[in-house]
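What follows is one structure encoded as structure tokens, with my remarks underneath.
Per-chain numbering from 1; labels A, B, C and D assigned in written order.
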Amino acid sequence: MHFRMPQKVTFKYCDPAGMVFYPRYFEMINDAIEAMFDAVLGWPFEEIHKDRSVPTAAIEVRFDAPSRHGDLLHLDLTLMRIGRTSMALQSQAACAAETRFRAEQTLVCVGPDGRPEPWPDPVRDKVTKLLEGRP
Amino acid sequence: MHFRMPQKVTFKYCDPAGMVFYPRYFEMINDAIEAMFDAVLGWPFEEIHKDRSVPTAAIEVRFDAPSRHGDLLHLDLTLMRIGRTSMALQSQAACAAETRFRAEQTLVCVGPDGRPEPWPDPVRDKVTKLLEGRP
Amino acid sequence: MHFRMPQKVTFKYCDPAGMVFYPRYFEMINDAIEAMFDAVLGWPFEEIHKDRSVPTAAIEVRFDAPSRHGDLLHLDLTLMRIGRTSMALQSQAACAAETRFRAEQTLVCVGPDGRPEPWPDPVRDKVTKLLEGRP
Amino acid sequence: MHFRMPQKVTFKYCDPAGMVFYPRYFEMINDAIEAMFDAVLGWPFEEIHKDRSVPTAAIEVRFDAPSRHGDLLHLDLTLMRIGRTSMALQSQAACAAETRFRAEQTLVCVGPDGRPEPWPDPVRDKVTKLLEGRP
């Protein structure tokens, strides 16, 4: 696991069933990835989005148990693979020991012309080190 | 295809890259499923949620091309399978002939006690007819 | 009243109290204004936002009664005043005869440099005609 | 000022103009009020919403300057008045010394029957102390 973001389930995330409205989970995932790019990869989203973007090309989620208003979640992100222009990562949310969801996601590095372009070298190097367990 | 929902990409759906923020796509998918439950299955979400719910247990999405502010999308829903307490469906969004995303999703019928329970007979019958291509 | 937008209260708009989460009302208001700019003023948001914007400078809302999942609302917009770079409008949402909220809002026309700039003449002319009750 | 919540402007809050989409500000305000009810008044929203609610009856906001992706905001809440069933508060967001918005808002304590009911004594006592500047 390469990054952990705590996340309390506040009122805004919940639906009339009193549980997290699942589209809101993707906002949490996006916040966690954004925080990881800043803290771990040193490439904050506000820098990236001056002329590039890192859209999600695919995502797969399994919701194991519902989350309720007030729950103290943590989202754990794990980098899985890095390609020339893509990156795969897992996210997992839990409340104490109970898993709430597990997601696998592919991001793409997109350049100013809207096409995939290679990850910047410092990002690729950092991810490669993390995948190899080097400091 | 069993239900189509038109959806203009309004300002609120878009991110700083000028494209639909992907968590917002799940709101569109939820709106489409809600409209289909009302129009096709005759079981509106506002009835369901008096004491039950139909949460998403799993979802898998491939984003084929970005959608931009002002795009006129249509979301097409196709019922795929119905189990005792679950239901599988596909959704696909396109702008004219260009596919924007394709999703596969499993819903579960959850009772007042928070546990899966069998779909009501009229819902099961209607879905079965649709899957068999009967009127 | 210069524009009416029907709006069903779908699941996504509602909170654990089963009522519209009030920040979501502002999304409805934004959708209604966006639709009015397109249909009535002939200046769609997707055109405006190529190099300009029409941010809200101030808004005041009174929530008269809660809205619930499934309610069929209509939002009525009334243009009130147009200045050199600003515009005042009222919005009102109701379900049948019951008012749900009333809002007064000031929009500003902002140019490519981020500063207020005069409304385009066709927009000013159209608003002026509407305010004077001319066809 | 009775409560401060730091809030980074993450990607999800921003619109195609690269600024905070103003309906999202109300989510921030709601988060801040929710955190204040927990930390300052000792009545967490997840407790309240078991059978009550604290809806907003009216809100008035002036947006002084736009906020951009990456901005580090702080939201300051100030309790202004407490009535039998209502409460007035101000919120103000700033980035460093620049004010971004100022809001005045009235909340109502609503009971299980959907009608206004008196604030619980410990909440009233705590607010009264804060308004009188007592510890």
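Definition applied: a contact is a pair of C-beta atoms (placed from the backbone, for glycine too) under 8 Å apart; a residue touches a chain by one contact, two chains touch by 3 or more.
From a predicted model like this one, the values you see are computed outputs, not experimental measurements.
Where touching is counted per the definition, the chains common to subunit B and subunit C are A, D.
At the far end from subunit B, in terms of centres built from Cα atoms, lies D. Taking each chain's centre as the mean of its C-alpha atoms, subunit C lies 24 Å from subunit D.
Mean C-alpha position of subunit B lies 34 Å from that of subunit D. Chain contacts: subunit D has residues 11-12, 16, 18, 21, 23, 27, 30, 49, 69 touching two or more partner chains. Of all residues in subunit B, those touching subunit D in their complex are 11-12, 14-16, 18, 21, 23, 69. On subunit B, the positions that touch subunit C within their shared complex are 10-12, 18, 27, 30-31, 34, 44-47, 49, 68-70. On subunit A, the positions that touch subunit B within their shared complex are 16-17, 19, 21-24, 26-27, 29-30, 49, 53, 55-63, 66, 114.
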